[in-house]
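Structure incoming, see below.
For reference, chains read A, B, C and D in written order, and residue numbers begin at 1 within each chain.
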Amino acid sequence: MARMSTTEQIAQLVESIRPKIIRWRRDFHQYPETGWTEFRTASLVARTLSELGFAVLAGRNAVKPEARMGLPGAAELREAKERALRDGGDPFWIAKMDDGLTGVVGVWDTGKPGPTIAFRFDLDALEIAEDTAPEHLPARAGFRSRYERVMHACGHDGHTAIGLGLATLIARRSDRLAGRIKLIFQPAEEGGRGAKAMVEAGVVADVDFFVAAHLGLMARKNKQVVCGVSHFFASTKIDVEFKGVPAHAAFAPHEGRNALLAAAALAVQLQGISRHGGGDSRINVGVLHAGEARNTIPSRASLKLETRGETSEVNQYMTDEAIRMIRAVAAMYDVSERIELVGQTIAASCDGELVRLVREAVCGMGQGLEVIDSLPFLASEDATYMMQAVQDRGGKATYMLLGTERKAGHHHHAFDFAEDVLPRAVEIFAHVLEKIIADHAG
Amino acid sequence: MARMSTTEQIAQLVESIRPKIIRWRRDFHQYPETGWTEFRTASLVARTLSELGFAVLAGRNAVKPEARMGLPGAAELREAKERALRDGGDPFWIAKMDDGLTGVVGVWDTGKPGPTIAFRFDLDALEIAEDTAPEHLPARAGFRSRYERVMHACGHDGHTAIGLGLATLIARRSDRLAGRIKLIFQPAEEGGRGAKAMVEAGVVADVDFFVAAHLGLMARKNKQVVCGVSHFFASTKIDVEFKGVPAHAAFAPHEGRNALLAAAALAVQLQGISRHGGGDSRINVGVLHAGEARNTIPSRASLKLETRGETSEVNQYMTDEAIRMIRAVAAMYDVSERIELVGQTIAASCDGELVRLVREAVCGMGQGLEVIDSLPFLASEDATYMMQAVQDRGGKATYMLLGTERKAGHHHHAFDFAEDVLPRAVEIFAHVLEKIIADHAG
Amino acid sequence: MARMSTTEQIAQLVESIRPKIIRWRRDFHQYPETGWTEFRTASLVARTLSELGFAVLAGRNAVKPEARMGLPGAAELREAKERALRDGGDPFWIAKMDDGLTGVVGVWDTGKPGPTIAFRFDLDALEIAEDTAPEHLPARAGFRSRYERVMHACGHDGHTAIGLGLATLIARRSDRLAGRIKLIFQPAEEGGRGAKAMVEAGVVADVDFFVAAHLGLMARKNKQVVCGVSHFFASTKIDVEFKGVPAHAAFAPHEGRNALLAAAALAVQLQGISRHGGGDSRINVGVLHAGEARNTIPSRASLKLETRGETSEVNQYMTDEAIRMIRAVAAMYDVSERIELVGQTIAASCDGELVRLVREAVCGMGQGLEVIDSLPFLASEDATYMMQAVQDRGGKATYMLLGTERKAGHHHHAFDFAEDVLPRAVEIFAHVLEKIIADHAG
Amino acid sequence: MARMSTTEQIAQLVESIRPKIIRWRRDFHQYPETGWTEFRTASLVARTLSELGFAVLAGRNAVKPEARMGLPGAAELREAKERALRDGGDPFWIAKMDDGLTGVVGVWDTGKPGPTIAFRFDLDALEIAEDTAPEHLPARAGFRSRYERVMHACGHDGHTAIGLGLATLIARRSDRLAGRIKLIFQPAEEGGRGAKAMVEAGVVADVDFFVAAHLGLMARKNKQVVCGVSHFFASTKIDVEFKGVPAHAAFAPHEGRNALLAAAALAVQLQGISRHGGGDSRINVGVLHAGEARNTIPSRASLKLETRGETSEVNQYMTDEAIRMIRAVAAMYDVSERIELVGQTIAASCDGELVRLVREAVCGMGQGLEVIDSLPFLASEDATYMMQAVQDRGGKATYMLLGTERKAGHHHHAFDFAEDVLPRAVEIFAHVLEKIIADHAG
């Protein structure tokens, strides 16, 4: 082995754990857990990290409880916890996770001087009923979701498996490393609900280099590696409820207070938030439910909406305007309103220096990879909170894309990716890690 | 008995069947069936009428299949039929009812010359989950609905029991009667879906005098009897579905076709149908559901709406305007629309001559009844189709209200009435019947 | 003359002043003055009344200044006054009219005991450019409006002439009369702006019988006389201004505050005020002007709107809802709003007793008149304030229609009526007056 | 003179005609003419070019009549022409301009081989009433607009003067030049109405290098020169008229067809055109007028609106959506619509090679100029049609900004610029011209 190059060594090591990586991924895929209910997933991650020799931060050490957004109700959290215990979650770690403190950080201190380098992996699944068609590999190969209407339809099961693969490599190659390495396993990325609470718990407060990544998205070919992205949309997720007064629509319509009309007027009016000269924006009311019966003035309505902006400032403008409109529409129809902020992401930019370093690390791997400097992201990610926090203290951050062919788009019930991307990602991260250390340690 | 007056005879007869009337009502109350699924109720009515000696019209003889509005789906009809068979419905009569031909008419031909007189009773229940509180008599006395989320919350169980009580009196007092008597048991009154199909099957084509009635409503005291009503609202019930194209709300919002916005704009715009100089009108969107996910341009939306007018012409104007707006809004958002007429009632007026005759009949009963000539109805009823058809051929029609105290309003989950109203109603109808015969036969 | 009947005497007297009545009307027609600017008309009325021997109330004795609604600007009032002086108005009376106190009351006290009886005539014209076509009699016969864009297009010129004709009869037949008679000449009826201010000045505070009338409207035949009307719409006239912030629509649209969108949203939303179970209602935005330039976010918008209700309560509901919506829409678009109440009428009902008395008086005249008890008015009139005030103190009131064929509808630029209606109206009023006195004096 | 450098020669020449340039500008400023009515301005330009020895294209040789957008009415055009003749316009050239063919092109053929180089200057003014305050230089110095409500508030008077200055230099330095030079004087730039019609007349069909420029805008300092711009918004200007049916708002509102509501609904709905994933967009309804009287269902409404897009494709999407909405709203309110396209611009980009060449030319001038490669334009210009046409045939194009301090923003009634920018611009253009020839001729 002495005569093998670093590249060969890493490749061989990754090859040796390839079956394990695939196994992890397929296990997580069968037990998908939505944001803040990742008790099983997170507890198994914590146990594995611990077994590998990582110091593990969990519970309040990983997540600031009151900074969580879009937390499910108490009953749902309790049931998820019980289910996790039934389905093989680790009781020791679940006990630390309280009512949904499902973030986990593995810390590897080499004891040698060097930078603190963090990688972030997200854990959560989506409320989508997974495809049952035989063309869908998880169905055919027997690792389809066991939970009704929940599915890993965005690849976070893969992300988690990559994280554990990287952890294994770190443990095996510790003597070649320096500084401190943190593997951040984040809950509730969907809806932009989890990253902020981990930032506020301090998990990136000491980080000099930060790398997050997503498989797929705009990187649709198997060997593409995108070293950085631009055009994150800052975003805000808001739930609105209007409560009016029911009345018989023929006898006494004037005695009603019409929550359905308030919701409808709001949906229409929100489109009327002016475009912003400072950058592109988005507004969407994705879901609207209102009313009780055809012949009753509707007294209840709920909406799920989101705003986005090319910059955090533009998004803040969209959010402020939306909230003023919600209140005004409530006043217009004399109904009461409840506005809940259930998710938020900010805009961020990748550091050119780190993007170039990643590029060099990946180009050094050979293997016919197609290396792309940067692509526009045009969506929202709450890893931006971590990027911003690292950059605020003078660190560097980037967000990578790991190419893979997909059977169907993200968030589709037939979403699936080429599993080869998983070991390849572990290998890429190992190279990025060692390149950062090579350039910045000692 | 020879020396008893007619009034005394009828009173005694009603008293003797009072327990049976209450039993009928409580039985129907426990097995509430919504419009076009009244297999159990209608089959038991048919059997009872038949046993009493009535000729019974059922199936296509009572209901014109293609004139039915708001018919449930085939699966729902099939399940309701099976449930009726399980729960004591009469298989002989159910067999005649096909896929929801749940109207029944009992015909009593006295063989003596005289007018044809019809009474109409409605059979159907509502999709409301009945109250479980002990204050609610049906819950306390053990005759609460056995079906989840279905309830006799408008008193049609009482109407049906009154009809069977009246049938019993007719059978017992046949020798004192003349002409022909028709007892019409109508399905699907809620939503204005059933009367038209019975009219088109010809059930009132030979009727000279027509009487329909409702317990409660504006007659809120126990001994009130209202001989006629004014101000029926003609009404139209419409279901609308919009189908657009989903798209990611951040990447490619312009590729979506937004069904939620179409529905919202429609709800707002429908209010903009101008008031009509020819009379009062109403418009209500009672239910709106739209959208799939917060970050997806919504591709599906459905609305349940209704229009009303003080005259059939005003209502027709409202309906025409609404339909034009639905189509225009679909064009505006480039979504496809489906418009389904699921119910309709017309306006009608009670004949003064028959109202006076009813008044005299009821006044003759004594018993401390509070007799009111007429009240404004201010709601919709499809008995108006029958009234109109009878009047079109030169007959006379009225619509009565039978006073009762109520625990909660109609369509409320705690609705209940004073059961005394049932035998009293039978007695009143018997008097009205015999008064009409007395005045118009031979 | 002694042997002539009262009917013959009145007929002859009216016949003798017929040319004078026509002359008055045609003079007023040439100098039409809009609400609160009737300086010329009112001053000539006051002079004529005074010359006939009436005591004349003018200025603050006839109009409470601060109760006026929809007062024009100071410059417009000043110019109107100067024009009136130039065009033959009476300087003595104009001097009393200050800044638009253009109401006049003639009081005739017979000195004999008897009721106080008031007749009301309105003085004002409309902002309409009169037809110049030769088919239009005023154009052909040379008495077309001399003022640009102002026209007597509702017949108030006729009303004023009738009032002076009646005054003449009263003066001539005083010895046959009893009690006190008040002839009220009211400004600013259009828009419902003037009656309230005369009521608050006390002009009907002593009135026992009150009669107002309008020529034409639903009485479209020459010899129709309608003794009372039903279905006055109570109404409110509101002017709204929104003021926002302009901005370049491409560079910085978000810096604007869009007053045009606020006005547009308001127009649409006002339609969404629910129909009222207590009676028919109306809402109309009749005029909307907004914006400065195509590429500027509009910063200014103004609307003219009105609400109506079958009852004063329904109209109050409409007004309250409208005002809440105006404020809410301003909040929604972050613009400032100015709401000005520029007119108001209430609902009222005619007293059956007085309607019958009028009927008898008119029927007694013969002449082939078609006498109609009552018609629905379905519009708004501020004479209702006077009716209500009289009824509140126990008096009786009615509102009559005086039939006439018309060349075009009221408020049309070719509106004209058959001048025969004028002497006929004088005659009718004389009969009504003497009938009231006959029945109620001494 | 032989020993003077080219730079010195040009500087001296410009200095010698500085008074003439200022005189031209102040003359044009006093006689501002809006789009397609620039008879006086264009005729004087044509005469001057002709006198200098240019071949002059006018009338149909310069403008394709049917490709003009936003043409004023025939009466307005006729009056403008008469006014131009009265106010010193050149009758010979005006005669060629027919009903508003007010474009002029001066062609200078050196007879030597070389590229065809075009400069474009716009001629038109705005409908703005010029400031009368003494702080406003044109007011103080006596060259304020002589036409009511028309003003050169965007600096096109300066552009025209620069064009004539450049023409003078070309005539004087012809022996040092090569190829062909075209000076394009374009009408109706405001609203994007004129360039397309000149392109379609073929005026740039032979052009290899194209330079357009604007004084001021984002170049707010006196010595700034911006060599190219990015982010032109493609734009479309649309006028909409709705025609409905009037009706009395109380008697018969249902007989009306409400054009005001259609316009209001359209204004609100247009905001609902979804943002586009392909780039930033804008929509503005800048002006809305509707309605006749408060108590009449409004039968007329007009709107002035515009769409913009970061790319021509995005703008086309906005326009297509807007037009579908206009039609749908008309259908919704059952009113007729008239849609008129009154202006259009496309997006375009400056050629890097030409931008660099301009930079070198300007940098060579010295004089302490602040040379900026490029700024985002963020507005619309129809010079883009010429740029695109030149690029389509393989030519190069750029759009420059010429820095000047301003007293108030463009389109403001107190807009004014530092006149020094005019001779400086002539000098800059001369350098750019000679640099292009130096690099590309022979």
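Definition applied: contacts are C-beta pairs under 8 Å (C-beta built on N, C-alpha and C of every residue); 3 or more make two chains touch, one makes a residue touch a chain.
What you see is a predicted model, and the numbers here were worked out from it, not measured in a lab.
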Quick one: which chain's Cα centre is the longest way from chain A's? C
For the copies chain C and chain D, the interface residues, called same if over half of the numbers are used by both and different if under half, are same
Cα-centroid distance, chain A relative to chain D, in whole angstrom: 49
Chain centre separation in whole Å, for chain D relative to chain C (CA means): 54
Distance from the CA centroid of chain B to that of chain D, rounded to the nearest Å? 70
For chain B, give me the residues that contact two or more of the other chains. 250-251, 253, 261, 265, 268-269, 271-272, 275, 277, 282, 297, 378
Would you tell me which residues of chain A are touching chain C in their complex? 250-256, 258, 261, 265, 269, 272, 274-278, 297, 317, 324-325, 327-329, 331-334
Where on chain C does chain B make contact in their complex? 268-269, 271-273, 275, 277, 279-283, 378
Where on chain A is chain B touching in the complex? 191, 233, 235, 237, 248-251, 253, 260-261, 263-268, 271, 282, 284-298, 301, 304-306, 308, 378-380, 411
